[in-house]
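What follows is a set of structures to go through.
There are two complexes below, and they share chain A, which is joined by chain B in the first and by chain C in the second.
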Partner chain A sequence: MTVPFFFQTLVTGLSSGMISYMMVAGMSLIISGMNMVNFGQGAFFVLGTYLTYTITAHIGFIPSLIIAPLVVGGLGWFVERAVRPLFGKNMLYIMLLTFGVAYIVCDGMIMIWGYAIRLMKLPSFLNKSVAIFGIYFPTYYLFMIAVGLLIAISFWIMMNKTKLGMMMRAIIKDREMVACLGINVNKLFSIMFMLGTGIAGLGGVLNAPITGMSPKEGLSIFGNIMPILMIGGMKNMNGCLPAALLVGLVNAFGAIYLPQFYNLLPAALMVICMFIRPQGIFTKKEAA
Partner chain B sequence: MKNRFKNLSQRQRDLSMGLISIVLILVVSMVASDSIIDFLARMVIYMLFASAVNIILGFGGLRPLGQGTYFGFTAYAYLFMVVRMHIPLAAAIFLALLLNLILAAFVGTVCLRANDDMAFAFMNMGFNTLLWTLIQKLQIVGSDTGITGSVRLPFALSTRANFYLTFIVCIICITAIYLFFRSPFAKILKGSRENIERLTFIGVNTRNVRLTAYIVSGFFCGIAGLLYSMRNMGAFPSMISSGTSLEGLIMCLIGGMYSFFGPILGAAIVTFINVQLPIITNFYQSIFGVIIVLCVLFLQGGLLKDKAVLNLDDKKKKLLNKRGERA
Partner chain C sequence: MKKRLLSLLLVVAMFGAILSGCSGSSKTTSDQSTGSNTSTTTTESTTKSNETANTENKETETSSGDVVKIGVLTDRSSAGAATVVWAEAGAELAVKQINEAGGIKGKKVVLVYRDTANDSANVAQKATELVSEGVVAILGPKGDGEAPTGAQWAETNKFPMVTPCTMNTRVTIENASRYMFSVGFNAWAIANMNAIYAKEHGYKSAYFIGNDGGAPGDSRDFFFRNVGNEVENLGSSQVASSVTEFSTIISSVAGKNPDIILGGIAGPNFVSLINQGAQFGLWEKAHYLGWYTCDSTNTSALAEAGNYPYGKVHGVDLWPFWLSDIEGNDQMVADYAALGKELYNQDILPSDMGYTWYIGIIAICEALKTTDDWSPEGVTTALENVRFDTIYGKDLHFRDFDHVMNHSYYYVTAVEDTSGKWPVPVGEIYKVYKAEEVLPTKEEMQAYAEEIGLTFKDLSTLKK
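So, the complex of A and B:
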């Protein structure tokens, strides 16, 4: 493997890791904050992709980066309202409800956009390659990494430095106490869920120019992000980014060395991680 | 009629319902054409699968998102041994079930290690996805197209004969599950669902209890998968996919997972929807999704409930009414 090729694979892996990070970040926020699993995350991801196709055709790619996540997040609000009466009951109900929602969203997409797998054209300033130290990289991949980092940093700042983030962290630790202090927990849940689905939608937007998506994929995509969730630690939001990047890199290099089995590597990695540390590799040990 | 049914004890109810459903299926199968018999075979197999899932779901109180693993794995093991390795049928059945048991024990041990409900659910699903991708990628098990071969038993080659064989095996297995539910072990299992701290406090090794239930569940799922592979004369990747696992959960949910006959009723309904809806409309998945959402929101106990649960509900209602009168 030559050096330029190595670096190009590195960038590919990192960019695909960033896309999965966006899905997992929302997912992990929902899991740790609301203690529920959103199976619809993949469907929202694909919805973001399809919205991009339509919006880009009419307005352009950059506006769709803002509009599509907002629309997807707005849809998340409805789902959250449907889930609300089920809190505190068997967790399975919420899982199956989000799964049913995913079914409906996927079929709705087929109704609107049809089965055909689409591709879209990038704006010309992203559709180039840049030479860094004599190695050529596609601009769009670098753009994806930049957006991903931006999201990760702003997410971290929001969680750790703002009042909203403070309340969210408090909810993760002790929900009843937060409710007792007179904070509107339901409203916070809505915001959390909308954030989670919106970030997934943004990931879908970024993914749109790279791989064609079919609406049916919304259901199976969950299998791809679950290993990341387990490797990063289920209820550990800080573990998402390293885990997603790790899986992205493993995927990129696996595609070169083990082309037949590269789909398998994340799941295998997850099983190995579960043997070593069941609570996730990037989880710090809790002080007793 | 209704009053008489109300007065029966739970055991008499189960017995009468079981007999009625057996007679109903038998009568339909006597007069039906081959295509309907094929559908009935699928329904009966899914009934066994759903009640096997319910061992760990409704009675164990865990959330198994990957029971399809055993459904598909046994079928694949059986087909692989018969078609690729030319092992005689009887030995292949035995070996496939044995391998399935070993797999269930292994996966169960790993999944229950974390002792966390959510982790268990996810690990289960993870193993399912792992096996699914593995099978889709491996050339030796036919990757996307699966393995096909003549794997029906020599005395049950026609559709009808194979259906009766399936039916008898399913009746035996479902009866075995029923006896399992009435055993003292199942009481402890229910205890682990209701209050696991208390059970641990009494001195029961709850992890072993759950592991045993998991293995039993996996074993019966495996038998269902074996029968399904005989019906289809092949093993296909869709059998091991997470769709199968979730179908099992949805069957239990619709039918009612806290009663014995709930999953069986649910399996009948879901199979009927799955087979009939795609004929009418292209968007059957969204209708299925709507059904799931409505069931989750308004029918949380499922269609069927045990007598004890019904009595409890009645008492609750009376209590609420009394309170209303006083106020």
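So, the complex of A and C:
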């Protein structure tokens, strides 16, 4: 393997991991704070992609990076309100409802945009290659890494340096105590869910110019992110980024050295991690 | 209380939307149901597939009244549903043409749909449901991954099934059935045509990227058997049909510098691979060989995004929609598009997938015209013997030893349409192959079956 090839593969793996991180980060926030699995996360990701197709045609790609996630997050508010009566009840009810939401969102996209496979044209300033130390990288993949890092840093700042983040961390630790302190827990749940789905929508925006998408993909994409969640730790938001990048790199180098097992690699990595550290590689073991 | 009521209303509204959403956006009047899209195999499905469909009493139901029902196994639920409108529009076009011409023996043709969600675990159950609806034959299943299960069901239940998917040896050798017929592409033939093109153009190395189905596997294996040492096998990546992120594979492939990418993918996979390949500069060095080459479900999004590598994609097509000099071709294209708009509210351009569904219904209907016996055995015998003409070829029929249709195959290079008529790539014809030039012979299939430790079932010996 030549040095340029190595670095090209590295960049590819990191950018691929960043797209996955967008979906997983939001999912992890929802699981950590609300103790529920949102099976509609993949559908919100695809919705972000489809909104991008329409919004970009009118106002350009960069504004759609802001508007599409806001719209998806707004839709998340309605879903959270529908889920709220089921809090505290059997987890199965919430899983079924969010599964139904996934079908509704996908069929809604079909009604609006039709079945056709869609792809967005890259803006000309991103549709280039850039040479770094003589090695050429597609500009858009570097852009994805940059946006992903920006989101990760922003997320960390929000969770650790703001009052809102402090309250979210408190809810994750002890929901009942937060409620006893007079803080509106339901409002925080809404914000968490909107953030979680909005980040997935942002992932969909970044995905729009690179993959051909159809509405029903929203039902199958969810399965691709479960290994990342398990590797990072389901309730560990800090573990999402390294886990996503790890899976991206394993896919990238695995495609070179183990192409015949490409389909298996993320799941195999998940199984290995579960044997070594069931709580997640990047999660500290809870004290007994 | 107010908040609880509002939340409850939201939940009710959502479930109401689910129920209305399940009926889909199609205006087709036939019955339909959405199958499960889980991939777990259940014993219930296996049990149902072992029950012989009760067809004895159905003869009166199917032939009575003013209609004759044909079942369709479709996919409206999985990621593969991206192409379902194009496929079903082909079937509906055939029905429209036949009904406008007076139907079959005075009876109107009606399609009855069931959704397998591209899951082979659903095939048996949905096919059995169709039989209980009184259909005389089944068009389907849609995907080549489901076809072996379809063949097994057809054999067990002795019920005629005509599949439009790409035929492969998992059916024709491993699960050969007298009751299974193929109107789609043939993976072995595709491999032969790709091999001829590769050898004649002096390509020296190839890397395969395909889905995990029987057809992609055959298209790869028979290609390398055909080219021998003339083309180096640089490796193979098979991906699940839900995968649309190819950048890691493309990055790895680009480093190996292949002359050709041998493709066994379609739909969103194809669009993603070609697009990401363009972004990595893969098509500056390599060519793509595959099939569904000018199928608009594969090409429209890429052409619209300005990322189609014209002149670099080569392969097989069945429907030469761009050839206006074929009498009736333009009208067929127009009728196809009109139906897509009328029934599905979707703008559609020609698709090989739509063509195979069209030919499948035509074949069934032409068979029904030749016999008064519409029992499963009667229809099967009629399909074995049917011969018909279309505007694209004469004497279309199923080969007697493997029930594969003798299409003519167009090997093309996808190029930009200079006339301005087509917003999608059209085919620059390299060669038009007759079926007997590229389909495997009986002897070749027998030899291959022996090689893999199986017995080749010559279906001509089972003719009644």
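The criterion applied here is as follows: the second predicted complex is superposed on the first by the 285 of 288 C-alpha atoms of A that agree within 3 Å, B and C clash if a C-alpha of one lies under 4 Å from a C-alpha of the other, contacts with A are read in each partner's own complex, and residues count from 1 in each chain.
Throughout what follows, a residue touches a chain if its C-beta (ideal position, glycine included) is under 8 Å from a C-beta of that chain, and two chains touch if they have at least 3 such contacts.
A quick note: this is a predicted structure, and the numbers were derived from the prediction, not measured.
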{"item": "Simultaneous placement of chain C and chain B on chain A, clash or fit", "value": "clash"}
{"item": "Touching partner for A:227 - first (chain B), second (chain C), both, neither", "value": "first"}
{"item": "Touching partner for A:16 - first (chain B), second (chain C), both, neither", "value": "second"}
{"item": "Which of chain B and chain C A:85 touches, first, second, both or neither", "value": "both"}
{"item": "Which of chain B and chain C A:260 touches, first, second, both or neither", "value": "both"}
{"item": "Which superposed partner A:248 touches (first chain B, second chain C, both, neither)", "value": "second"}
{"item": "Touched partner set for A:213, first chain B, second chain C, both or neither", "value": "second"}
{"item": "Contacts of A:182 with chain B and chain C, given as first, second, both or neither", "value": "neither"}
{"item": "Partner chain in contact with A:134 - chain B first, chain C second, else both or neither", "value": "neither"}
{"item": "Partner, of chain C and chain B, that touches more residues belonging to chain A", "value": "C"}
{"item": "Partner chain in contact with A:270 - chain B first, chain C second, else both or neither", "value": "first"}
{"item": "Chain B and chain C contact sites that coincide on chain A, given as residue numbers", "value": "82, 85, 97, 100-101, 103-104, 107-108, 110-111, 219-220, 223, 260, 263"}
{"item": "Chain A-facing residues of chain B, complex", "value": "57, 63, 65, 110, 113-114, 116-119, 121-123, 125-127, 129-130, 132-134, 136-137, 242-243, 246, 249-250, 253, 282-283, 285-286, 288-293, 296-297, 300"}
{"item": "Interfacial residue positions of chain A with respect to chain B in the complex", "value": "31, 37, 82, 85-86, 89-93, 95-97, 99-104, 106-108, 110-111, 219-220, 223, 226-227, 229-230, 234, 260-261, 263-264, 267-268, 270-271, 274-275, 278-279"}
{"item": "Residue ranges of chain C in contact with chain A within the complex", "value": "4, 6-8, 10-11, 14-15, 17-18, 21-22, 24-25, 37, 77-85, 212, 235-240, 242-255, 267-272, 275-276, 279-281, 297-298, 300-302, 304-307, 344-347"}
{"item": "Chain A residues touching chain C - in the complex, by the definition given at the top", "value": "1-2, 5, 8-9, 12-13, 15-16, 19, 78, 81-82, 84-85, 97, 100-101, 103-104, 107-108, 110-111, 114-122, 127, 129, 136, 138, 140-141, 209-217, 219-221, 223-224, 248, 251-252, 254-256, 259-260, 262-263"}
